[in-house]
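Working notes, beginning with the structure itself.
Chains here go by letter, A, B and C, matching the order in which they are written, and residues are numbered from 1 within each.
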Amino acid sequence: MGNIVLSIKDVNKTFGGLHALGDINLDIEEGKTHAIIGPNGAGKSTLLNVCIGRLEPDSGTVEFEGKNMIGLKPYEINHAGMVRVFQTPEIFPDLNVLENVMIPALAKQEGVFRFNAFTSLAGRRDIEEQARHVLEDLGLGGQIHDHAGSMSRGDKRRLELAMGLVQHPRLLLLDEPTAGMSRHDTNRTIDLLKKIKERGMTKIIIEHDMHVVFSLADRISVLAQGRIIAQGTPDEIRGNPKVQEAYLGGAEL
Amino acid sequence: MDAILIQILNGLDKGGAYALIALGLTLVFGTLGVVNFAHGALFMLGAFCAVITQKLLTVSKLVKDESITFFDAYKETPYLELWWGDFGKTIIDWSVPISILLTVPLMLLIGLSMERGLIRYFYKRSHAEQILVTFGLAIVLQEIVRSLFGANPIPTPAPSIIAGSAPIGAFLGLDEALVYPWWRLIYLLFSVFTVSAVFAFLQLTTFGMVVRAGMHDRETVGLLGINVERRFTIVFGIAAVVTGLAGAMYAPILSPDYHMGMDFLVLSFIVVVVGGMGSLRGAVAAGFLLGLLQSFASMNEVKSILPGIDQIIIYLVAVVIILVRPRGLMGRKGVMEE
Amino acid sequence: MSKRSLLKNDWVVMALFTVAVLSMPIWLAPIGAAYPDLLQKFAIFGIFAIGYNILFGLTGYLSFGHAVFLGVGSYTAVWSFKLLTMNVLPAVLFAMVVGGLFAVVIGYLSLRRSGIYFSILTLAFAQMSYNMAYSVLTPITNGETGLQLTKTDPRMIDAMFVAPGEGLPSTNLFGMSMSGYSGFYFCAVLLIIGFFISLRIFRSPFGLKLLAIKSNQNRMLYTGFNTKPYLLTAFVISGVYAGLAGALMAVTDPLAGAERMQWTASGEVVLMTILGGVGTLIGPLLGVGIIKYFENIFSALNTNTLHQTFSFLPDWLEDIVVAISSHFVGDGWHLTLGVLFMVIVIFLPGGVMEGFQRIAALARRLSRPQQEKAIQTSEQE
């Protein structure tokens, strides 16, 4: 087994009486793509929110590269190297596409706060280059001066991805990166994510689309009713009758 | 003890006015989702309804003064007095209570036209823009009033029968010397009555039920196929009437002038925030609470310990509440927090 | 295209701006606005609005309490005149520092909330300061009378150099009197510096980050920025600008009153910023110019002047027009302002600057069909 990047131990979370997460144990290996699947309401998003510091678990630990992540502010988690790509595009709608990507690039370089009111933005060629580079990778190179708020939904998703990638995170959390995309766009995104995989970035993907999951994942964890019911390689999961029963209602994968 | 009783009455009295204004403001905010900075102006317009009534009833002509016999003297005599003698005089004397007859239809008209003519175009725009446009409207309304009625406060006395003070000490078996102005007692009763009437209306009628549901979850109510928009127009009208009445009845306590709206606007926002954005009960509770606090803070005993506290107590409370408990006393979680 | 890239160069912009401001006494003369009193107002409120725009325009936080810093700046400056010296430099510096300190405290507390809660917090602080200036703080503010210079002021630094003369001394910059045109040029130089700083902020990474906070604050947190210090910095910068503007009011007229701190005074700077175009560099200055100029013109008008203006109309029409318009002039100027403001918010939320852009876009659209037609005809040939 390789280096463990993210280690989730005995995490529990209840909302009112509802047990959203029960005794979750999950280790994410460096350089691997780890998919989390499960039916609606299985607790996938809750788990992601716990990782990213939006929710605090009732018990258990979340350690990223040996450091405790629980109770940290979102920007502290970001600087630890864990970056989330949102399911519904969370971009800066009033800025242009290039600026949208320059902001996270600046964050990576500057830390949580830097007062640089007297340096010229136009003089920051390094930042602009980084942003352009990522945008070209994602096929958005032709619209860098467009107003981000008026892009199509699919383009916004790609922009969102660019904002995550430009920070070169140690761990990228993708929340349904292809939801709402056309088949064509989906395949394009899969290719792109494969390309990042070759560069060795660790990823967690939450996804409904089995095509995406099985094209990308090295390991898969199956969540149902807040518990992990199966874990393994895609082949192991494909053949696991428990998964087929709980998640797919017995249908063939 | 007596001093404290007086302060409680003073506080409830002030609180009654705050509660009424805040009730209207929060009704509009809760249903229409509009932050209305022209709300203070509605209070001011209400007070000027009393002024207008007084002016209408005292329309006069010059009549020879018979009591002066040495030379021809003329004096202004209201038509009502000429026509009906003492009965006319009594009517004029009662102009403030009579003004309610004018206030209700006029404020309803103003409220409805304000909503149809301006506010409804701002439902979908940002709170900042709502604040700005209603702030502009408030300036316009107050300047129109100044242009028509001048800049000085206009005395609008209560009926002379109740101009004096009520011997509440004697009522309650306390010190005989303990008295309190009649009109303020009436205002307190009036505000309690009006608040109850609004609540009864919202609780007991189907219209009120829809409005309450709309305050809770506007979209769902809209999806039920109920014409929410028309109801909200009416809600705005009701809010204008309630606020206007609060202003009209307040006229004998504070002589109306054109900028009283701006002064009460800040206060009413503070009251709404302390009570909790979108909570009607909270607005009423906070109105009375802040009224009481302010009145106790203005006692000499308190002022000698904390000089100037009477000037800032309300704002201080508001700051602490927003910082410590942003949803106010009774507000729901999540209203306007983002 | 080259024209546009020139305007992207800070130094070109600054050179143009400097010339425009310093030559105001010349090019404002034809419209009768070139006398010192009004010019000083342009510059002082210009500084106030530029600073306010750094907060409201870049971060979207709508403060109703900035008049507090204006008032505090004035009080500080007058105290500097009373205690130390009639030289304006210390007064201006102290006012900026004190304005900034007040902004740190009020900003730190108010910025714990956003949206309308932020607005109401600033409003509450403004009202508290205003009420206290009128009551308990009378020893410092001189209550309703306002803080004024007196003959018995110690003026410690001045006293070391010159014997107190007859009458009240006037403000000066190392001996140069600060009334009239010299007062305007002093304010104008500070306006130019203030504009330069604002230009740099708008075109800096810091400015971009503030805009991003306005656009989606939550996303900023997940992008790795702590937004609080950014907002507080912007708030304090705008507070320092307001303190400076307050000081300059005292420089040109050494008097400070509490009414300067009332929340409606804060409303005025909001009005100016919106009217010109919030979030644009030059918009707030246009807003100041328009409001202060028309305030000056309209307040001076009365029924007689109106009758003269409309004398070309038939008598009956003249009377009607005058009767209506007389409500909008003189004391009624505020009515005009309110109407103007509503019209702007309703139809042109981007202010005058948006109006310019729309006109430019319209002109482009009008000229394009002609070009296309020309191309079509040439193709047919």
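Simple rule for what comes next: a contact is a pair of C-beta atoms (placed from the backbone, for glycine too) under 8 Å apart; a residue touches a chain by one contact, two chains touch by 3 or more.
Chain-to-protein mapping (UniProt): A = ABC transporter ATP-binding protein; B = Branched-chain amino acid ABC transporter permease.
If you're wondering where the values come from, they're calculated on a predicted model, not measured in any experiment.
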{"item": "Chain whose mean Cα position lies farthest from subunit C", "value": "A"}
{"item": "Chain closest to the assembly centre - both centres taken as Cα means", "value": "C"}
{"item": "Centre distance in Å when subunit A and subunit C are each reduced to the mean of their C-alpha atoms", "value": "45"}
{"item": "Length of the line joining the C-alpha centres of subunit A and subunit B, rounded to whole Å", "value": "54"}
{"item": "Whole-Å gap between the CA centroids of subunit B and subunit C", "value": "34"}
{"item": "Numbers and ranges of subunit C residues touching at least 2 other chains", "value": "218"}
{"item": "Residues of subunit A whose C-beta touches two or more other chains", "value": "none"}
{"item": "Residues of subunit B defined as touching subunit C within the complex", "value": "35, 118, 121, 125, 127-129, 131-133, 135-140, 143-144, 146-147, 151, 262, 266, 269-270, 273, 277, 307-308, 311-312, 315-316, 318-319, 322-323, 326, 336-338"}
{"item": "Footprint of subunit C on subunit A - complex, ascending", "value": "52, 73-75, 78-79, 84, 86, 90-95, 99, 102-104, 106-108, 110-122, 124, 127, 163, 167"}
{"item": "Touching residues (chain side subunit C, partner subunit B) in the complex", "value": "60, 62, 109, 112-117, 119-121, 123-125, 127-128, 131-132, 134-137, 218, 263-264, 267, 270, 274, 327, 331-332, 334-335, 337-339, 341-342, 345-346, 349"}
{"item": "Partner subunit A, residues of subunit C touching it in the complex", "value": "8, 10, 197, 200-201, 203-209, 211-212, 214-216, 218-226, 229-230, 233, 237"}
